[in-house]
């Protein structure tokens, strides 16, 4: 069927045109722009000076530090809680789909809208969270307006948002484990804990690896939730700035697209490196 | 025996606690949108409003063109969904059923592009759209999203699970590729196409950064941008903010509750991201 | 136009993109109205040939001629063929009637709906599925799906019907029934049919002739009985026949064939059956189990390891040169496990092969 050749390209044409224009070209353009100075309408080559600029910019380092801290804390904690909840739902609950539906809700809802709600719940004076904390005689910090708390607030919101996807995917993986494994384990008199650590966890390794990758990539791209929590700011005095915030700021507000793109390239490399590192790590775990 | 029971009880408590934490913001949002300003900022906090202040919604609509936001959002989300689904459908069909030189290369390029975070290209895309003079237009809002590598990849795996003898049979029966797509492939993949459409619509509805970049006129804003602008403008009027947030979330939440099975199945099936 | 060569395949060769040579130089022809079986073990290239005939695959080299015209460059839909797939490939979202009508309502030779329905009904009657018209394929049994697939393949009134292992998804009893039905159906319609199967019994029972493939080449293209009586080579002798043929390693010297336990005087063989002069050396002597029988004046003596009952007959199993060898005897013969028996071969029914598989006797 030689005629296939032309036909195939015809069917793929819309995809190829759009992908070239809005996926491939922008990557190359971002890369080239990172070596250019000036505003969008007046770009000119200036070598590595954008990179020099960001490496000497304390705000850039704060953004990177916040983003990395956010990823390093929120991803493992969120994943651990997700595994725990998925396992409880899978192992001990009858109305599994009810809980699945409930926990998945945050995934489909707008981060902006729910961020506004969280801003309200986190309010230092009249927020629901501090009311509960005070009732329990726990310290009730000013989550929103204290620069020292910004990152913590972002992390808590991030964990809350990440549970949805993780739990649903983990439930899918748990359902896929051959029930005969458990039947055989029961015959040998394995305890619940044995079954969890010797059957469930090893079977979940590929799924957890996948979720880790997805979560880490997502964590490095964090922007919208910060925007929503702090009403368009990156926290008081920019204390909660993140990599994408920095890029947006340099691109749109300050008007130095070259600097923004240099930061984009660095962010992209960090994500690539993190993904690569994780793959290696999970491979090692898988081998043991 | 007793120890095991205790463990189960403990599990239930944890599960219940997290379920409350997950659902609470939604409930609080809906209730808070019906409170008076005093109730939203009272100490201790009010949970159930004394009197449902439906007028909050009237105020929201009066203060900002939320009707327009709705229209813009439904329009762009629908167009993006329909066109990207159409393009993905054709592309996925070609990748699954046709044989041609360069298929492996295309697949490899598409798969590696799947790894590129959208945030890395969104700013240069802004540049492109600006150059085309499409800022503050519907075309500018939807153009970069009229094809989705991700949904195409999803459909590929969906179509791949259909036996290739079905395609061969259609060829021998005299069907053209176009016949095959519309009379066989689409009716056979209704479920998958519907799920992809739903997820695409939801992510279109929730889009934020892109419309924030390419629009700055109030009449072109989408719901989420309108909402965040409104939240800044409405400043201290928390009850109005919450009412506006409810407006944004509720339609999607209802859609979700109706189609929860398809949506969750769709997400699990291919580890779909939004 | 030559009715003896209604379908003609000339020097066909197919190399897949991955470099696998599925078909190496295959040529054969089919007479108009014949039902020909393409037989062979899995991976022998028979389905590839069917796909090439249908136009679903392009040949690397060679020509295909239907009814006097080369069709290599013709699209599948214009080859006037019907195709029945192994998994039937029924469209699951359409009813039986819609499935059968489908070829008539798409493409260039679209027919008005009423006419399409009339033709479809005619073929549904022929395949006895009229009462299933409104059912979806998912609700049908394997046998019923099979009939729908055949009706759909015939509805365009093709000149050639191609069937790819159409019975392999059915259970054993149904398979016997349907294969007879298929034969009588294609004979009623008078359509030239190529039928791919890996089951020799199926091929022998329904084929007007059989083409046996292995390793991408034709091993034998012949009437069914000749695969038993006159196999072309070692592969054919061993592929066809149940229980399988017995093989004995022998060494030929000046005037005898010597094995580890017996010696045959070359003068005892029928000289006219030798295909050519054969030099001294290693050969394989093959005998069908029904032609190696207990006899007091047998060629050699051995111990019966086991006896297997197959219907009206029994198979004696014994060991020869560490290989299992079989002899087919009737039910009444009073032999039991552990007995010493003497066995005799019918020399006019044995075959002699070179180590390369060529038949020389």
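Letters A, B and C name the chains as they come in the text, with residue numbers starting at 1 for each one.
Assume a contact is a pair of C-beta atoms (placed from the backbone, for glycine too) under 8 Å apart; a residue touches a chain by one contact, two chains touch by 3 or more.
This is a predicted model, so every value here is computed, not measured.
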- Which chain has its Cα centroid closest to the overall Cα centroid? B
- Between what two chains do the most C-beta pairs come into contact? A-B
- Roughly how many whole angstrom separate the Cα centroids of chain A and chain B? 17
- Item | chain B and chain C, separation of their C-alpha mean positions in angstrom | 56
- List the centre-to-centre spacing of chain A and chain C in whole Å, with centres computed as mean CA coordinates. 59
- Query: What parts of chain A, by residue number, touch at least two of the other chains?
  - Reply: 1
- Check: chain C positions touching at least 2 other chains come out as 55-56, 75
- What residues on chain B touch chain C, complex-wise? 163, 165-166, 168-176, 179, 183-184, 187-188
- Would you mind writing out the residues of chain A in touch with chain B in their complex? 1, 4-5, 7-9, 11-12, 14-16, 18-19, 21-27, 29-30, 33, 40, 81, 84-85, 88-89, 92-93, 97, 99-114, 116-118, 120-121, 125-128, 131, 160, 163-165, 168-169, 171-172, 192, 210, 214, 217, 220-221, 223-224, 227-228, 231-232, 244, 247-248, 251-252, 257, 260-261, 264, 267-268, 271, 275
- Touching residues on chain B, where the partner in the complex is chain A: 4, 7-8, 11-12, 14-15, 18-19, 21-26, 28-29, 32, 40-45, 86-88, 90-91, 93-95, 98-101, 103, 106, 109-110, 113, 115-128, 130, 143-144, 146-147, 149, 152, 177, 202, 205-206, 208-209, 213, 223-224, 227-228, 231-232, 238, 241-242, 244-246, 248-249, 252-253, 255-257, 260-261, 263-264, 267-268, 271, 273-274
- Query: Which residues, counting only chain C, touch chain B once they are in their complex?
  - Reply: 51, 54-56, 75-77, 81-83, 85-87, 89, 91-93, 102-103, 106-109, 152, 156
